[in-house]
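Here subunit A shows up in two complexes: once beside subunit B, once beside subunit C.
Right after this comes the complex of A and B.
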């Protein structure tokens, strides 16, 4: 199917993009989710603001140990970056599960976050990494943690006049190990459940995929693990956050697998 | 295929770093390359001609900065291209590492390259020589660019004549392979016409 008619704008700067945003406008990043939705006529924005030509948003930078991901950095760029693999291996582990190579070539980190699909891999990994989301509008700028940024199914804290410009990821604790595990019916399909884990001496982060309408941190399980508790117990506590018997069983098994891989 | 080049410029590390993050300036140092002045979403479109004796290959594609580690002064670039006339492709991840000392900068350029198509049939040894020659030239031109000297305009329609750069024991083999490739192409074409 073809999308409903829309007005198309392709600004080259963040400032020009912000000037175009409003209630009837939708931002087009990599288009790997929005375009299919528009083709099915589920979304019918009056104006499409294509930010693919905005140079200033496509970067991966490390400064003072902190990773700065420009919202238009592609999945494939993140996947290939040795800098990211060295400092934040969880991001490479997670991005490899995102759909297929072709989609990762176009899809963007910012687009994936702004779309807010609870089964998307990167938002879950970013939640486990305590990432901060920088939002900008004509009125100013604000920054949110994953818990505030992701609101519900396909819903984020982004207002109609706001653009996600950067995602900031702090350095991992010393001697941290990370892992990502998920279950999908076939490779590249949407995941049904999954887990991103970070384990270091005195530190544990477990973020769940598919257990809630947003990425979900299993704080009780984290506390158990950070205190030197049993990985099986932590996995059980994390799994209990998912609804339904089979989803709990699946989530528990995936957390268990990820923790084992991270050496917990 | 991995290759490493090294050079030193009498330019402070800060200025070298800034220059290296300017894609059009870096791309200008690529021999036989042309680049569109304006980028699009962090990617710059351009073309690059490589000539090996009678065989000229022109690639069209994009160049972008993959990541920039400001703490360690390591930047990597991703360059991807397809043959304008042909089925082949070439892609490379180029990583530059900077180390400063006494107002000078040591630049280590590591290139990880994949080539497919007709060019790949030249064989690994020759390909490495070819890529090595391109990179040597690139490093020399980049050095000039960093020193503030504009890169010299190309002779011969902008294509780097790699044949001239890899003279020596290789030239015979290059010629043989070149003739082989041409003969193969000619044969293929004859057969195809029928």
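Right after this comes the complex of A and C.
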């Protein structure tokens, strides 16, 4: 099918984009989720604000050990970045599971987060990395953690007049190891369950994919692991957060696998 | 809206509705019907073209977004009637039957065979995972990509 007619705007700056936002405007980032649902006419925005020409949002930067990801940085850019692979290997591990190469060349980190699909890989990895989400509107700016930014299935804290401009990722703890594991029915398909883990001396982060309507941190399991506890017990506690017998079994197995890969 | 872009090395100007998909613009406005349209939601890969050298789904981009860009379609592969090495390899290895999916495979894999002469079979399989073929069972396609990647340029 074809999209319904819409009014099209392609601002060049963040300020110009913000001036266009409102209740009947939808932001078009990489379009790899929005355009399919427009083609199905499940979404019929009156105005499409295409931010693909807002060059000031397409960056990956490291400053004082902190990674700054511009919302329009493409999946493929993140995947190819040696700076990201060295400092935040979990992001490369996760992004390789995002759909296929031809999707990652267009898809953006910000778009993936703003879409709020609970089975998307990057939001889960960013939740495990304690990322901060920077939102801007004409009225000002605010910054949220993953737990506040992701609200529910396809729902984030973004208001109609707000644009996600940057995702900030703190440095990993010393000697940290990371891993990402997921299960999808076929390679590149939507994942059914998954886990992103960060393990370091005295530190553990476990974020789950598909266990809740948002990325979910398994805090009890993290505490067990950070205190030097057993990885199998941590995986059991994490898996118990998922609903239903098979999903619990699958999540437990994936957490176990990710923890083993990260040396826990 | 008026757009100006390069398509297969040719400067092109056109007026398009914002909702016109790049795939439809290439096929209907420019008559470049080598780009096929399958699922129209980014799954099958038949509509894959290259924009500024990167393979993308042309059904998930609006033509207005290609303004100022460089678009390559399957029509650009053969050089004055001589098949591109990847096309020749597809032919030799029976990597197509009905041919509907083939343009998408070729445009997805052309940069891959150029850049990855040492790709393993697993990497080849991953590289072609974003394109669906319902005829061949993929074995011939893997063989064709392997041959084209290894071929000295």
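The definition used in the following text is that the second predicted complex is superposed on the first by the 264 of 264 C-alpha atoms of A that agree within 3 Å, B and C clash if a C-alpha of one lies under 4 Å from a C-alpha of the other, contacts with A are read in each partner's own complex, and residues count from 1 in each chain.
Rule of thumb we're sticking to: a contact is a pair of C-beta atoms (placed from the backbone, for glycine too) under 8 Å apart; a residue touches a chain by one contact, two chains touch by 3 or more.
Note that the structure is a prediction, hence the values are computed from the model and not measured.
Peer 1: For A:40 in the superposed arrangement: first (subunit B), second (subunit C), both or neither?
Peer 2: second
Peer 1: Is A:101 in contact with subunit B, with subunit C, with both, or with neither (first, second, both, neither)?
Peer 2: In the superposed model, A:101 contacts subunit C only, not subunit B.
Peer 1: Touch test for A:52: subunit B only (first), subunit C only (second), both, or neither?
Peer 2: Both partners, subunit B and subunit C.
Peer 1: Comparing subunit B against subunit C, which has contacts with more of the residues in subunit A?
Peer 2: C
Peer 1: Once the structures are superposed on A, label A:31 by its partner contacts, choosing first (subunit B), second (subunit C), both or neither.
Peer 2: So A:31 only meets subunit C here.
Peer 1: Touching A:246 in the superposition: subunit B (first), subunit C (second), both, neither?
Peer 2: neither
Peer 1: Between subunit B (first) and subunit C (second), which, if any, makes contact with A:4: first, second, both or neither?
Peer 2: A:4 sits against subunit C, while subunit B stays out of touch.
Peer 1: Could you pull out which residues of subunit A sit against subunit B in one structure and against subunit C in the other?
Peer 2: In subunit A, residues 52 are touched by subunit B and also by subunit C.
Peer 1: Report the residues of subunit C in contact with subunit A in the complex, numbered from low to high.
Peer 2: 1, 17-19, 21, 24, 40-42, 45, 48, 54-57, 59-62, 64-65, 108, 126-127, 129-130
Peer 1: Considering only the defined contacts, which subunit A positions touch subunit C in the complex?
Peer 2: 1-8, 10, 31-32, 35-36, 39-40, 48, 50, 52, 76, 99-103, 105-106, 187-188
Peer 1: If we count contacts the way the header does, which residues on subunit A are in touch with subunit B in the complex?
Peer 2: Residues in contact with subunit B: 51-55, 57-65, 70, 72, 77, 80-84.
Peer 1: Considering the complex alone, what residue numbers of subunit B touch subunit A?
Peer 2: Where subunit B meets subunit A, its residues are 39-43, 64-72, 74, 76, 78, 93, 95.
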